[in-house]
Amino acid sequence: MVELVPTLLRQELARLAEDDARLDGRGRWEGREFTLETNCLYNAEGSAKVVMGGTVVYAGVKFELRTPWPDRPTQGSLMCGAELRPVAGRKYEPGPPSPQSIELGRVVDRGIRESGCIDMESLCIVPGEKVWGVMIDIHVLSDRGNIFDACGLAAIAALRTAIVPAERFDVGDDHKLQIKGTPIMASFTRVGGRFVLDASEQEELGGDERIHITLGDEGHLHSLQKGLRGVFTPAEFAEIFEVAQTRCVELRKIVAKEEEN
Amino acid sequence: MVELVPTLLRQELARLAEDDARLDGRGRWEGREFTLETNCLYNAEGSAKVVMGGTVVYAGVKFELRTPWPDRPTQGSLMCGAELRPVAGRKYEPGPPSPQSIELGRVVDRGIRESGCIDMESLCIVPGEKVWGVMIDIHVLSDRGNIFDACGLAAIAALRTAIVPAERFDVGDDHKLQIKGTPIMASFTRVGGRFVLDASEQEELGGDERIHITLGDEGHLHSLQKGLRGVFTPAEFAEIFEVAQTRCVELRKIVAKEEEN
Amino acid sequence: MVELVPTLLRQELARLAEDDARLDGRGRWEGREFTLETNCLYNAEGSAKVVMGGTVVYAGVKFELRTPWPDRPTQGSLMCGAELRPVAGRKYEPGPPSPQSIELGRVVDRGIRESGCIDMESLCIVPGEKVWGVMIDIHVLSDRGNIFDACGLAAIAALRTAIVPAERFDVGDDHKLQIKGTPIMASFTRVGGRFVLDASEQEELGGDERIHITLGDEGHLHSLQKGLRGVFTPAEFAEIFEVAQTRCVELRKIVAKEEEN
Amino acid sequence: MGGYGDVQLLNDDGSRLDGRKLDEIRPVTIEAGILPAAEGSAMVTHGLNVAVAAVYGPMEAHPRKIQRQDRAVIDVRYNMAPFSTSDRIRPGFNRRSREISKVTAEALESVVLVERYPRSKIRVEIEILAAEAGTRCVGITAASVALADAGIPMRDMIVGVASGKIEDTVVLDLDKAEDNYGQADLPVGILPNTGEIAFLQMDGDLSLEEYNLAMEYNFKAAKEIHEIMVDALRRRYDGGEA
Amino acid sequence: MGGYGDVQLLNDDGSRLDGRKLDEIRPVTIEAGILPAAEGSAMVTHGLNVAVAAVYGPMEAHPRKIQRQDRAVIDVRYNMAPFSTSDRIRPGFNRRSREISKVTAEALESVVLVERYPRSKIRVEIEILAAEAGTRCVGITAASVALADAGIPMRDMIVGVASGKIEDTVVLDLDKAEDNYGQADLPVGILPNTGEIAFLQMDGDLSLEEYNLAMEYNFKAAKEIHEIMVDALRRRYDGGEA
Amino acid sequence: MGGYGDVQLLNDDGSRLDGRKLDEIRPVTIEAGILPAAEGSAMVTHGLNVAVAAVYGPMEAHPRKIQRQDRAVIDVRYNMAPFSTSDRIRPGFNRRSREISKVTAEALESVVLVERYPRSKIRVEIEILAAEAGTRCVGITAASVALADAGIPMRDMIVGVASGKIEDTVVLDLDKAEDNYGQADLPVGILPNTGEIAFLQMDGDLSLEEYNLAMEYNFKAAKEIHEIMVDALRRRYDGGEA
């Protein structure tokens, strides 16, 4: 694809928006093709690979034994981090975690954590002494747009297939991590003046702000985040919220289907 | 105030010095107006705000439970740090602590520590097991000259009003932190060739080295520091030491008065 | 010595190589003069200074009490690090450890560790509870070429004279650290197209890749490392391996002689 | 959100523990121009929160790679003072403050007329001196007033406000206990004149209906706080330099 | 090398625990062009190891002080993903990965025609997604294929292979148990066409004879893996973009 | 200062534990030009302290923002080697060494004719190899000799010396025990020819009278050490390159 300079690109995207069209021919609320693969990595206790258009991300789950916080003696803990390393694209530079990667990790983390899909009490081994810490690491290998949704999907899919390695730590038998619910993120980007679903790299380059919506199994909001420069109206939010409902139901089915295999 | 270029400023300051005058009309040993306010911050166990001319600093005291050092099982500890963050002025940049902020924190720390005003034994809860760690954090919000004296004053004033939060840590009743003595810092800057007290931002910009003197209640030296490029003679030191004696007595009275309120 | 620009220097080195000659008149497998001095630093439990041509390095040994790793309850530990600080030469810059200094430390570490000269079991004080951690720090003060060999020599010489400070830690009587064997490193640099031993700073500036060979008392390989840009053939390796055998025997004798003094 | 079920946060008469009504904000006071070294500044107290903001610039943006050819960038540092919380915070940035700094900067870039200052940088320093829930919103409010105090042209102010959910009830402006034991938090940055939203985060659990009510409360609060902001700026210019 | 003496690594018939012969490598698969964002990329699975490499550039080398007037520099980052090992690795560089990155970059600079791109930089990103002994070699193989996939001219490929010693026996391509309890490891980077060596490390205990046998095994393996590399590149260009 | 009251530091005859008189320094030896890679260097042993200083430059000051239009800047790094103290020090700067580096640089900038080298930088590296109280002073002395050895023009040398107070008695040049259990320490940097002071720190408890006596001792010591410094430089230039 020809790399348009941003000003020309913005003009082109505005022109397309007038006809309700997109650069790659998709409909406004249409996502790119994607594949989900789970349990694909040796050494990760749960893992998933998501390819969404040209975006490729992996998520891996690891466990550790911890002592619980004194004020929550029967609760385990969850940590979710994302690495946007230089492998992911020409624009990414080495160095300490960028604000972009911190935001990415924290938005995915909040969606999973706030959905309550992990019962922290189920991670208790010995109250006040020993609990499981669950750590999800997300690794973006190729960024061609909308890494948030790809990362969110990889994270929950990896979690849902994770095996608690109790034998290796000498605290019982290996067992599946209990997960209730499948929080799913849907991200919208303002392109040519209006929001679209699952923006491509070019649309992000010539677009404006993003809104990330994470919905739980009953369609409740668990996480919201507006990123980048731009403003939106309550009416615009109402519209994308509806689209998010449909999108999340679809993706949730695909996660369930992959699990059955 | 017009921002003079340093060379012109230096000439102007030298000219004024010949007449024993200062840019803002003060006498050579005259400080700027200042206000001291204590217990002004929710969540700090002791706090103080000092406004000295256009310089604004806050100090806050926090406590933590620690295990004592093995060789001093009955002694608590003191830590005093200063942050010179970008909020304080156009010239301050983000990043790890600068040598300037490290020097500032350490000079204030030594003045308080070496005066012996905190009896480290009084911070012992259970010998060998549990002692209080006292942490003073100084935050410079606006630097218009002589932040050292403002920080030193804020630190000791915050300490003198601090309440040990024993109840929150479940180790007894809340009580006032015991403080014997009020170490005070007086700083002198070479401006136009001679030392002046409580230099303004302009005087610092066109001036040379600084000498920081911290005196205890009996007028003993507890901390000395020469900063910046320049040399001084023993005779010059003798002169500013006398001024420091007077200055410290005055400021100590103001700290005491604020405490009575 | 005149500092030749690298291109001219490379030409000159190539010309000399045709005559099997070197810039400073040495033979191809001839090392520079050097001196070794041990036990030269107060506070280090073992120390050595090596001067090799214009290269000056110090190594110091310290001990600490540690709890052993759960899977090796009767084994102490060894750590060897090198600092290439700005003192060592004009080209060295301040900042976090450079890849150069990390490589240097790790290559020296592997040579010592893999030779098995320290019996990790001999560092056990109370199985599962208390073992010695041995820490060798190498400090390069002047780099005029071949710091690897100088550092390797200083490290093993410092170790071989180290006293375990058991009294200071209240765990018995001070005693000599048990060391079996004297691993020695020999480094070769491609200069003017062929390898030479113990390259000078100028030879390194106008040369190519290096090969570092560490040999134990029986002439076995314990560590190999190729550094910098360049390739070599198996035949070239066979040749320098033979030279390394001779060189290491010589240096091992000098370490033994210094110990007797 | 903590979401502990066993802490009572509403009185039997439906009022809140501190006596506020469901749609009532904590007391807010604002003072502009309080830091002589800054080009613009403000202090906002909101409940027991104390936030200070300072503005420097526009100035040359360096290093050059952060420069934008067509506009100014806004460089925000949201920082909690070590003594601002119950447990002391170690100085230096953490992941939470970096995230808040990023989204706050993006919100402010949405209202400042950044096109007027190509290749330049405007520094906004937000310092939280005392924290009692809702500091990111208080910081946004302080930053808006400080930008106005510095004379930086904006197409609107941003008012930082938050609503949330406690005991299955939507309430405006969570205080510390409500934040610790509540079920959802919806902090937003509202443009009081256009009714647009420049800042949005949310966590917890909200149905669409609850979201709509929380947002209604937020708009109501934004109007009230906006008046206090305007008043502070008016006092600043009537009263001369602080 | 761990070098524990009491773990049996060879079966009574002289074969290895996983049934391999002494001079047999683990299964290797290679796919080129798997990362759309990169200019060249490859994924190599080698036993249970999974390594991905991406190539960007040549591009301007900055900061300027890393520029070389007469050639390109190759900037390698070898990184193990946090979930790639049995115990999670904290993200960020460590001393081991910095050393491997350095010597890998120097090896690649020995085969890439760097003189063609003065003052520029070629970025090579090696990500280990799953580790089962020998990752530095797998990374070198992946990097070579990714460079070729990016169309960067090279005078030869580099094949990463390792031999080692277990129970006083030289064997090819140590797996995890053999690496943990073995006596020596000799990872090298071989130029398959010229027979030269661009990468060399070794630790443990090897006599000259053992070294020579281990190197003989390595050369044999390099030939086998090189064919798989060439095959992957051929499939990539026959099959079009991934 | 530690200030433990129960450790005896003076013998009954008023002499010190190591036999020194109250106003007697520890033995000092100085050698110039000991580091071939540096443009100037010196090693100072002072009691059991060992300090080495190396000087590089004047060279271009970069990054540019540290440049001064009218003079050179002196960039000092005071560093304690990990093995220089009883308990090993983790490599890398700490707050103490950063403060000492700053005030040492400012002291040296007071005597070096920095105006002769606008926009340039002079690097002074001070490495403490063995520490036995008073290292900052020993470092200043070493730096002065190294600067002279490098041929950098100075209007005077700086001699680093310290006095202190033990058992209510002022003494010159505290050793390790005296430093640990003493009541005050007054390290200064004295210009031997002009009698001015370029470096001053102090902590503990000193009356004005005690300060004056301690300073008198310091000036006396500065004269003695200055002679050893001059002698080292004389030997260096008589004896040719090391």
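All chains are identified by letter, namely A, B, C, D, E and F, in their written order; residue positions are counted from 1 within each chain.
We take it that a contact is a pair of C-beta atoms (placed from the backbone, for glycine too) under 8 Å apart; a residue touches a chain by one contact, two chains touch by 3 or more.
The structure presented is a predicted model; accordingly, all values stated were derived computationally and were not measured.
A.B. asks: Among the remaining chains, which ones contact both chain A and chain B?
C.D. replies: D
A.B. asks: Relative to chain E, which chain has the most distant C-alpha mean position?
C.D. replies: Chain B.
A.B. asks: Most remote chain relative to chain C, going by C-alpha centroids?
C.D. replies: D
A.B. asks: Could you give the separation in Å between the centres of chain D and chain E, each centre being the mean of its C-alpha atoms?
C.D. replies: 51
A.B. asks: Let me have the rounded angstrom distance from the C-alpha centre of chain C over to the C-alpha centre of chain F, please.
C.D. replies: Measuring from centre to centre gives 31 Å for this pair.
A.B. asks: Taking each chain's centre as its mean C-alpha position, how far apart are chain C and chain D in Å?
C.D. replies: 57
A.B. asks: Name the residues of chain C that each touch 2 or more other chains.
C.D. replies: 97
A.B. asks: Would you give the residues of chain D that are in contact with at least 2 other chains, written as numbers and ranges?
C.D. replies: Not one residue in chain D touches at least two other chains.
A.B. asks: Which word fits how the chains touch one another: line, ring, star, complete or other?
C.D. replies: ring
A.B. asks: What order do the chains sit in around the ring if I start at chain A and move toward chain E?
C.D. replies: In ring order from chain A, with chain E immediately after, the list is A, E, C, F, B, D.
A.B. asks: State the interface residues of chain D toward chain A in the complex, per the touch definition above.
C.D. replies: 1, 3, 95-96, 98-99, 101-103, 106-107, 109-111, 184, 186, 191, 194-208, 211, 215
A.B. asks: For a test of understanding, state which residues of chain A touch chain E in their complex under the given definition.
C.D. replies: 41-44, 47, 53-56, 58, 60-62, 64, 81, 83, 85-90, 94, 96-97, 135, 137, 139, 141-144, 168, 201
A.B. asks: Spell out the part of chain B that touches chain F in their complex, as residue ranges.
C.D. replies: Going through chain B, the ones touching chain F are 97, 99-100, 102-103, 105-106, 110, 113-116, 209, 211, 216, 219-234, 237, 241.
A.B. asks: Can you list the chain D residues touching chain B in their complex?
C.D. replies: Interface residues on the chain D side: 34-39, 41, 48-50, 52, 54, 56, 59, 77, 79, 81-88, 91-92, 123, 125, 127, 129-132.
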